[in-house]
Every structure is written in C-alpha cells, then in structure tokens.
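Chains: A, B, C, D and E, in written order; residue numbering restarts at 1 for each.
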Amino acid sequence: MYVSTPAKARSEMLNNRTLIELKNISLYYSNENNGLPILDNINLQLDVNDFVCLLGPSGCGKSSLLNILAGFQKPTTGEVMINDKPHTGPSPNVGVVFQHHNLFPWMTIEKNIEFGLKMKSVSKSERKRLVSYYLNLVGLESSAKMLPYQLSGGMKQRASIARTLATDPQAILMDEPFSALDALTRENMQIHLLELWKKTRKCIFFITHDVEEALLLGKRILVMHSKPGRIVVDLQNPLSQYSQSVQEIKHSKEFSDLRYYLISTIRNSKANNTVFGMNH
Amino acid sequence: MYVSTPAKARSEMLNNRTLIELKNISLYYSNENNGLPILDNINLQLDVNDFVCLLGPSGCGKSSLLNILAGFQKPTTGEVMINDKPHTGPSPNVGVVFQHHNLFPWMTIEKNIEFGLKMKSVSKSERKRLVSYYLNLVGLESSAKMLPYQLSGGMKQRASIARTLATDPQAILMDEPFSALDALTRENMQIHLLELWKKTRKCIFFITHDVEEALLLGKRILVMHSKPGRIVVDLQNPLSQYSQSVQEIKHSKEFSDLRYYLISTIRNSKANNTVFGMNH
Amino acid sequence: SSQETSTAAKNGESPPSSSAPKEIRLGYQVSPNGELLAKALGLLEKKYPRIKINWIKFDSGRDVNNAMASGSIDFGLVGTPPGSIGIANKLPYQVYYLHDIIGESEALVVKKDSGIQSLKDLKGKKIATTFSSTSHFSLLGALKAENINPEKDRITLLDMQPPDIYAAWKRDDIDGAYIWQPTQTKLINEGGRVIVTSKDLSEKGIVTGEFGIVNKEFAKKYPEIVKGYISVLDKAVHYYRDNPKQASQLLSKELGLSPEESLKTMKQIIWLDASQQKDFLGEPEKPGKLAKILKDTGDFMAKQKNISSSPSLAVYQQALLSDLYK
Amino acid sequence: MAPKFVCKKQVLTRGISIISIVLILIIWTVSTNLKWVDPVFLPTPQSVWKAFLELIRDGYKGASLSTHILNSLYRLFLALILAFFTAVPLGMFCGMSKYILAIFDPIIEFYRPLPPLAYYALLVLWLGIDDKSKIALLFLSAFAPLFISTVSSVQRVPQDRINAALSLGASKPKVLLYIILPSCLPDIITGFRTAIGVTYATLVAAEMVAATSGIGWMVLDASKYLRSDIVFVGIILMGGIAILMDGIIRLYQHIQFSWVGKQD
Amino acid sequence: MAPKFVCKKQVLTRGISIISIVLILIIWTVSTNLKWVDPVFLPTPQSVWKAFLELIRDGYKGASLSTHILNSLYRLFLALILAFFTAVPLGMFCGMSKYILAIFDPIIEFYRPLPPLAYYALLVLWLGIDDKSKIALLFLSAFAPLFISTVSSVQRVPQDRINAALSLGASKPKVLLYIILPSCLPDIITGFRTAIGVTYATLVAAEMVAATSGIGWMVLDASKYLRSDIVFVGIILMGGIAILMDGIIRLYQHIQFSWVGKQD
C-alpha cells in the first residue's frame, strides 16, 4: 500500500500523545430541545494513534460531537484542543467523512478526490498516482469521470471516503461511512481501513450504528446515551489485540459477550430516556 | 394499530393479482457506462400483497429499478404497468421512501408527515391523529416542530418513512430505509414494518444491503448483479411462513443456509464483473 | 488658412502652436441657426485646419450647462432659460454671441375642436410643453401677460417631450401644446390651430432666443479664437441670407426635415449676424440688452420658484463678453 | 447564551453600517464646505437640509412633499404587485414546461433589454398620459428580473423533491403551489429585490412624461433648473425609502428562510 | 436513443418559439397595414425594412450603422466586464463576512434604486461627457443586480460544503475561489443575465447626453424626429443582439451546470 512519507514517519513514533482533547464540552442548539443540552459535559481525549468507535442511538448527538471535534461547531461551553492548541475551526489536520456524502457537485469523482491533494500542492504526477490509487481502493475506477449526481448512494459514500483518505490527515473523523454499503463492499472497506490504520496508526474516530463493526475495528469503543448526550461507556476493545481472522473473532466468546454488553447498554439508554417503544 | 378503512378493506381480499409489472425493461443513462446498459432486460411482477426484498452490490442498479417502479424514470425500452394500466409517472398509489431522505426543508417534521394527508384531503382532526400516530411510531414526537436540518441523519430517515407510511399507498417502495439507524431503532422499525404488512398486506418493495434484514422481512427475495444490472435470484423466502420469534429464526439452520447462499450469490456478482478487489 | 495666418500676423501674435489650443470642443444643439450651418459648411475646420474641431451634440440646455461645468466643452449653445439658470448659478461661462431670436418656430397649438380661441380660453384645459425649455418659458410668459394664473384657473401644464406630446395629441389626452418644430407642424396638420407664437410674444417683450456661451478660461486664454469663431458664424449667417435654398439643403439632414420644411423653420426664427450683436451684448461701458432679457428670464423663473433666487442685473451684465464688438 | 451572541453580532454589524454612513456624510460635508466640488452640483448637507425643510413647508410646485412621495409610491407598489402576481406564476409555468417557456421566451427576451425611453411614446399612445402608462412602464421593468429569477429557480428545484410530492398524492397544481413555490421563494424574493431596484430606477423615466407630481418628476424637474439641493433631497428620500423597503424584505427573508443553505 | 429524444424535444421547443415570433410578426403586419395603429408610432414592417436597408447604405447622421452598434457594444461590454470583475468578488466577500457586508451594504442599498437620470449630471460633472461617464452609468446599473445575486447566493452555500473544503486543506481564499465561486456560479450567471438586461435598458439614458453615435442615441434621436421606422430598426437590432448574447449565456449555463437541481 502506498503511503506518503510524512504519514510513514509519524507512524513510526508510536506513542500515546493526545491529539484532540475535549474539556467539559456542552452544546445547545438555540433554545430548543426543552432546554436540555444536546451534549452535556463531555470529556474526551483522542490519542495520536487511537481508533475510536462511537456507538449510540439515533439522535443522541454523535454527529454533533464529531462536528465539535472537526471544528465545525463551536461548543456552547468547554474547550477543544488539538495538538495542545485551541481548536477553533476546520483544519487540514482533521479529515472528515460526512454522514451525507457532501461531494462537490460540479466536480467529477476524480476531481473531488484530487481536490485535497491540490490544496496541499501535491505535484501533478503524484496527484494522478494517488487519485488512481484511491479510486481503485474504493472500486470507482470506472466512474472516475462521472459527476456525483450520476453515482449511486453507495458509490457517493465511497467517493467521499476516498476524498478524505487521499489527503492523509493526522486524524480522520468518519460519520457512519459504511452505512450505505452492501455487506461485501462494506467488509472490504473495513479491511482496508483497518490495514490503513495498522500501517499509519493515525487517529481514527469512527461513528457507526453497527456494534459488530465497532468491535471489529475499534481499539477503543465509546457508547453515548441521549437526552442529554453523554458518554457512558469508554472501553479498550480487547479484540483489537487479536491477530485472528475476522471470522474467527466473530465466533469467539469474547466477541458475543461484548456485543451483548454493548447492545444492552445502548438499549438501556432508550428505555431510560425515550418514550419510543412498541406500545400500540 | 390504526389503519384507515380503505387499506383494511383491501387487506381482506388477499389474492395474487399483479400490481406492478415490468416487461423487458432496459435502461441507459445517456451514452456513458461504456455503452453497457444500467438495467438489462428486466422482467418483474409485484403482486398486491408482495413483500419483496432486493439485494445487490453497491451501484448495481437497485435505486434505478426502484425509480422505474415509482414512475420517476422512463425506461429506455420496455413497459411498466400498474393495475394493468401503463405507469408513466409518479402516482399516489405508489409511495416511495428515498435513499436520501428528501424531506421538504421548509416544513416542520409534523408538516412533512401531514403533507400527503393534506393532498388526500383528509379531515383536519383525522390528520392530526394520524400525524401523531406516525410520529410516535418512528419515535419523533419530541421533534415534531423541528425543521429537517435540525434533525440527525437517522431522525430524518425515520421522518421520511413516517411521511410515506402516513399516506397509506397501495405499494410502498423503500430504498435502504433503515441504513442510517442504529441496531435497536432498526430492529424496532423492522418489527413495525412487518406488522404493518401483516395487517394490511400491501405491496412492499424493499431495497437493503443487509442479507439478514432481507431474510427476516421479505416474503420474496431478489438478488441483482451489476454491469449490466439484472435479476439473478428470485426466491420465495421460506422463513416468512414461520411464526417464531426473530431470535429463533436467526438461529435456525435454514436462516444461516439461506444467508450463506445469498451472500455467495452477491459475492459472485462481484467476482465476475468488477475489478474491485484487495489486490494491493 | 491664409485668412487665419493673416489675422495672426496682423495682430502680431505668436504662431498658433502656442496661442491656439490643440482642440476646440463645441457643444451644439440642433436648431436651424448659423452655428448649425457653419458646422454643415465646415467653415471652422477651414479656418483652423491645424486645430482639431470637435462638434458634440446636445439635446437640452441642461446638458450643455453640465458639460460646461465639467469642463468638457469650450463653446456651447443654450436657450435663454437654461442660460440664465446657468448664469444665476455662476457656471464658468460667458455669452459671446446671440444666435437667434425665436419667432414662429415655437407656438401654442390647440385642437380646433377644443373651443380655445385665445389664451383666455385655456381655463381648465390641459396644455403640454417641455419644461424648462424656451417654449415653456414663452407659455408661462404669455399666460402672465394675460394675467392668467395657471393654478387658480386650473390650467394643467404637463411636462412632455415632443414625441409624447404627439402621442397624447393623437389620443386627445391634451388640448394643446406649446412646442417647436417639427412637432408643431405635425400638430397643425392633425387638426391644430395656432393661438400665439414666440414672435408675437417677443414683440411684447417676452423674448426667447438661443445664444452662444464660451468657457471663461478659454475666452481669456484664446480671445482670438473666439473672435475667429464669431467671424465664422457671421459668414454662415450671410451665406444663409444670400443662398437660403442651398443653406436649407445643407441643414435638412441634421434637422431631419425635407429641404422645404427646413427652409420654413429657418425662416421662423430671426438669424442675427455679427453686426447685430453689439445691440445685445453691448460694450464694456454700456452692457447690451441681452443682460436685461436674461435678468427678466431669471426673475420670472425665481418667481415661479424654479430657481431659488435671481441675481442682480450686474451679474448678468458681467456674464456678457462685451469687448468683442467695439 | 446563544441568542445573546447573535444579538451582539447584529449590533456590531449595525454599528459598522452606521460608521460607514457617517463616514460618507463627513466626506460629503468636508468636501462641499471646503468647495472641492462645485456646490451647484454637489450641494452642502446644510443646504440640502434647508431645502428639505422648505419642501416640507411649501411642497414643490403645487403639491406637498408627501403628495409627491405618495404618488410615486402608489405607482411603484401597484406596478410591483402587478408584476409579482404575473411574473411569478408565469415564470413558474415556464420553469415547469419547456413548451410554455418557448412561447413566452422570445417575447420577454426581446422586450426585456429595451430601454423604457425607446418605447415610452408607444405606451403613451396606447394608455394615455395618466398613471396607466407610467404604471405600465414600471410594471415592464419589474417583470423581467422577476420572471428570469423565477424561471431559473424553478428549473433548479431537485426533481426528486417534485417526485416525492407527486408520490405523496399531490396533483400538479398542488406541487406548483406547495412544493415548487416554497422551494423557489428564496430566489424569487432575491429577484423581487432586484426588481424593486430596477423599477425604482425607472421611476424618473416613468414620471418624465406628463407628470406634475411624484418624487421622480420632482428630481428631474429640479435638475433642469440646477436646483441640486432639491435633487439631493429627492435622491436621499428615494434611497431612504428604498432601503426601508429592502430592509423589510430582508428581515422577512431572514425569518422565513432559516432552512436555506442548511439542507443536505 | 436517449440523445435522439432530447433532440426532438429541442426541435419542438425551437419550433414553438418560432411560431410565437411569426405570430407576433403577423399581428404587427396586419394591424399596421390595416391602420389600426398610427404608423407614426407603430410603423409597418415594410417601412422598417426599408429604413433598415437605408441605414445600412447611408448610416445614421454621420456614422455607419455598424459604427453605432459597435460603439454601443463597446460601452456595454466594458461596463459589464468592469461590473462583473468588481461586483462578483465584492459580493463574494460580502456574502462571506457580515462585517464586510455591513460596510458596503448601506452604500449599495442607497445608490442601487436611484434613477440614472437623477445622478447622471453628477457623473458628467466628474467624468466629463466622454465615454467615461457613459460607461460609469452603465457600470452602476450592472453592478447592483450582480452584487445582490452574488451576495445572496454566497449566503446560501451549504456550510457543510465549506467545512468539507476547509478540512481538505483549502485556505480561505482557495475556498472562495474553488468552492464558493463554482457553487454560486449558476446564480451569478442568472444575476448577470438580469444585469445585462438592466444595463442594456440604461443604454439610451447613457447615450442621451453628448453622444453622436451609439444605437441608443440613434433610437433616441430618431424618436425626437418621430422617425419611428428608424426607432424600430434600432429596437429590433438591440433586442436581437440582446437575445443573441443571452442565448450564448444560456447555452453556457446549459452545458456547464448540468449538476444543478440534481444534487441530493
């Protein structure tokens, strides 16, 4: 796998330095939501070589948290630090794969992927090489010259993953990146992502609603509860140490125990906090 | 569960009359895609009380097929019939849940759900009742007065499901409706949908990339291959006859056999037709 | 050119390169007078072949005033009302020549079936004219002379351009108009009757005319050019007096009329040559009567509240270049 | 906390705008009082103020200042309302159907760039010298920008959104009313703002013919007599009224279209 | 097959447009030849044609027809180009930052609705009677619609899209150039079309003072002499040129902005 040099250099000095830190974050969107905060007193540290998976019920504030990490959203109170400096706006150090693809609609897929490289003043030949590498990675070679509206939902999502990966940021924040993919494409993408992380050890923050995915990918797993959004579980994933194949991991006892534990934690959040049920 | 009368009446005369029929459909988008059709010679009949799940790799043409069924897209060749009449445009008989939510951005969630009812000239009090019923169904009571942009991804998807269900069409076409939902919300929505179908026996066409979901929901399961898009599997799902609980079904031998069969069929499509692989 | 050099030589001046400007910019208006004829004959070009002559057309005295104020032209032509407005506002120009006095070319034309026989019958009628023009001034003057107050007698005066006047006339929206050629003839042909003309009014002392103005600086710097241009204008007037047919032929294109019609309108104003100027522009000790005409015009407009105030006669007198016709 | 923040920002922008205006006023005062510019053309603020007081007291040529303003506003509003209720529906139909567009397109494309001064005589001939021809002229100048922006914004409504509405049982007219109109409204309002500006700018031309009242006529008439103090009073009044109108529309835009630019 | 279908549709719309034009020509011919309208105001097509041939042969008042047209187009294009390269960047900055907007907003809001006829005298005073003041007037009339549409379209760019670009390492100027500009271009082009129309409509006013050439001046001058045949030649030429210009822009829009209204 090709990785540009700075990333390689970084990957060699494996350590636990904090990359992004949230201190006492809370978030309100105007005065709605019955005065309850969307996010309440969140403290979180992402290390330079973390792979964090965030689970939580729909609407609990996962994307909002990601927006704060990315610098898109100013928290109502609290501080966000990146590399020990205040993090006040979007930064090229933090790549983001959005929940909705967010491709530039007037650029072909190729141009979309090339955009970040152009912004980093990568040379033309290198750009070409990287674009074709990432197009291949996400299986979109044959759609390189198409505009986003000409792609299917899953293809758009893949293109937007490629666009972010191509710029090789220090941290990658991904908001349910694989949710529109079929099982097989998804499996492939998971394997690619894990390999990428193992090689570069860059910080990945990965929102998913699939507990199994979180267990297979994450070095660390967070669970959020809603109303107000807060982190209730923050565990090191023991499975990430294993070197077995995916199938083996999936069939291990630890996997199904953890899966059960996480599912019941998430379920708990629901029972406690929402009226959502099957009472009809 | 509340269902308005016409649907009830219809559900009583269970039969196998064809509701939507595709005859020799093929589809090209302008002259791209190397001259290959997106859809090639598709023949398909949806019965009035069918529950069809469509599986297939990303970009194979599932959404395109749905667009044709919905009357949004004119096929390049072939005929589409609904109730034995040519189906040339969008119709209130065919409700659609889009892959991307497609809510009306200036209407509150409540107003979005009410829209279809208003168009059907449902009385105001009835409208109010139905809106609050469906809001409750998808767990969005507390967000009723919010605008779409104020909702999370999963909430938007649920709102758009509620909007379509509320109008009670003869057929419901759903394009990966649960893909942005967390496992639990998803499970709930699946149960709701299945119950709805069992009560009303309306025609449901359900695109998903989750084989298990297809097995749990579908009375009939289709698999598409890509380049060109065509239906390679069309089987009656034996599991849909079972009255066991979801957990029991999931642990049955038949379930895992079918699951394995379907996954390998989809995988086959990939191996045959795309260069997408892990060769790096 | 021989004439030019000889004049320069006679006055013992330095050669034209230093005493003459590179370019003379003249703002003219399409009025059947000596300036237009001089332009058509190319007399100025012939007189100063080494100077670039730039003729710039204007459609109203207001625009000439603006152009003068912005220093865009050296010579200009204005009617008495805008001229006195300019002088009252101390625009940087002086009068060097009275081109013509308006006669029958401007007149009050009314519909034959409107029952208007004289100015007295205008009560309650709608009369159109182009505001701030010589026609407007004449109309107001005529009414005042008859002691008619437009407001009291409910005469509606409408501000319109000639094409609109014609359109409104055809629709019977107006009962009459005080207007110039060629619209005047058109109205007469469409069932109009002349009640009063500017010629009648000038006899009563309500004089309107068109005069030439020159930038103050320019006049101070190049008095010979001013004199030279006056001789050109004089020559044009005499050419017209001697060959009216040819003159009308020459002007017909600029006027947009047939040669016959052109001749008719040319005859409807009083052309003045250089010898007649002394009377109007006067001498340094004895300012001419144009100052009085302008003062009257200014006073009248001040009374109409068109301008805030009209200065003293001396101001108007100072605006006349009185040392040209000794 | 959040609302407070918004308030502070608004106060700041308001403040900057006021500083910007005051600065211009200062430049105006200084440059005129030091006679850098001929006062005949750029009068001093004092003389403009004096003229304003005079106009309030005496009116201008037989009508009070408020009559002039109200007459103009009456013409303006009538024209704008007419234009809005013709250009927007027509624009929506034309945006929906290429065939309907093909009928009207050549006509509108042709008249649109024509200078009002070039065809005003025709309007006078057909409609007379009363308010009718003036309103027609204003109407014509408001119509085109509104029509263009309506058509192009209708053509830009996502097809999926229309399909969604049709599938929900909306008839075509209802789609037009409930889906396309609200989708386009932000664009239409922007077009309307342009239309107001253009119409306003045509006011003087419209009141050039046979007007004896109206703020546009006042400005034009005063300029003939080099009464630039009155011209400036008129210009400032016109500008002020226009800013007021535009401000109201922008407030409406701000309140009504919070969703714009936020959908994904 | 698909492209064929598109072609057919295009031919059909083209056909409808032509029918629409022919219909107007027929009404014109019939109504004038039957003298329903005074030929002084609405000349017959024949006489207009005759005048056209005459103008081609002899020109109009000292300049050939092509000189008139080219002079006007020169003024127009210069003004439009200037306006485009000032209004669009300024509008983009103002759309990005409420503070920058606050500086310029009061000025532009104020001058925007002012009638050119009201302040033309000032322009002449400052810039003289040459092309400069004419181009300035045209520039001012093109500036406002372009500015407004730019500002409002920049304000409408989804924040997420800007965030995406920033996260991909684009600096703020690059976001402006590579993301905001292309996002707004469809709106800006629509604004530009409006601006062309408005500027064109101002052409007669601009050529009213001290012009001796220009198609606008020709129309105005001819109308003074009630030469409505020449006025109509001028009007039709102006309309024709405008349609041509607009057609080119629309073609560009059609080719360039296929993505508009299709994104989800």
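Simple rule for what comes next: contacts are C-beta pairs under 8 Å (C-beta built on N, C-alpha and C of every residue); 3 or more make two chains touch, one makes a residue touch a chain.
Since we're looking at a predicted model, the values are computed, not measured.
**Student:** For chain C and chain D, which third chains touch each of them?
**Tutor:** E
**Student:** Look at both sides of the chain A and chain B contact and report whether the same residue positions are involved, with over half shared, or different ones.
**Tutor:** same
**Student:** Out of every possible chain pairing, which has the most C-beta contacts?
**Tutor:** D-E
**Student:** Would you kindly tell me how far, in whole Å, the mean C-alpha position of chain E lies from that of chain B?
**Tutor:** From the centre of chain B to the centre of chain E is 49 Å.
**Student:** Distance from the CA centroid of chain A to that of chain B, rounded to the nearest Å?
**Tutor:** Taking the average C-alpha coordinate of chain A and of chain B, the gap between them is 28 Å.
**Student:** Centroid of chain C to centroid of chain E, CA atoms only: how many Å?
**Tutor:** The answer is 38 Å.
**Student:** Please set out, as single numbers or ranges, the residues of chain A touching at least two other chains.
**Tutor:** Each of 29, 100, 102 in chain A touches at least two other chains.
**Student:** Could you list the positions in chain C whose residues touch two or more of the other chains?
**Tutor:** Counting only residues that touch two or more other chains, chain C contributes 62, 66, 69, 161, 163, 166-167, 170.
**Student:** Would you please write down the residue numbers of chain D that are in contact with two or more other chains?
**Tutor:** Where chain D meets two or more other chains at a single residue, that happens at 38, 41, 121-122, 125, 159-160, 208, 223, 260, 262-264.
**Student:** Residue numbers of chain C touching chain D in their complex, please.
**Tutor:** Spelled out, the residues of chain C in touch with chain D are 60, 62, 65-66, 69, 82, 85-86, 89-91, 128, 131-132, 151, 156-161, 163-164, 166-168, 170-171, 173-174, 301, 305-308.
**Student:** Flag every residue of chain E that touches chain D in the complex, lowest number first.
**Tutor:** Residues in contact with chain D: 9, 12-17, 20-21, 24, 37-38, 41-42, 98-99, 101-107, 109-119, 121-122, 125, 141, 144-145, 148-149, 152, 155-160, 186-187, 190-191, 193-194, 196-198, 200-205, 208, 216, 219-220, 223, 231, 234-235, 238-239, 242-243, 246, 260-264.
**Student:** Which residues of chain E touch chain C in their complex?
**Tutor:** Where chain E meets chain C, its residues are 38, 40-41, 61, 121, 124-130, 208-212, 220, 223-227.
**Student:** Mind pulling up the chain D residues that touch chain B in the complex?
**Tutor:** Result: residues 159-161, 163-171, 174, 178-179, 182-183, 257-260, 262-264 of chain D touch chain B.
**Student:** Inside the complex, what are the residues of chain C that reach chain E?
**Tutor:** Residues 27, 55-59, 62-63, 66-67, 69-73, 161-163, 166-167, 170, 182-183, 186, 253-254, 256-257 of chain C touch chain E in their complex.
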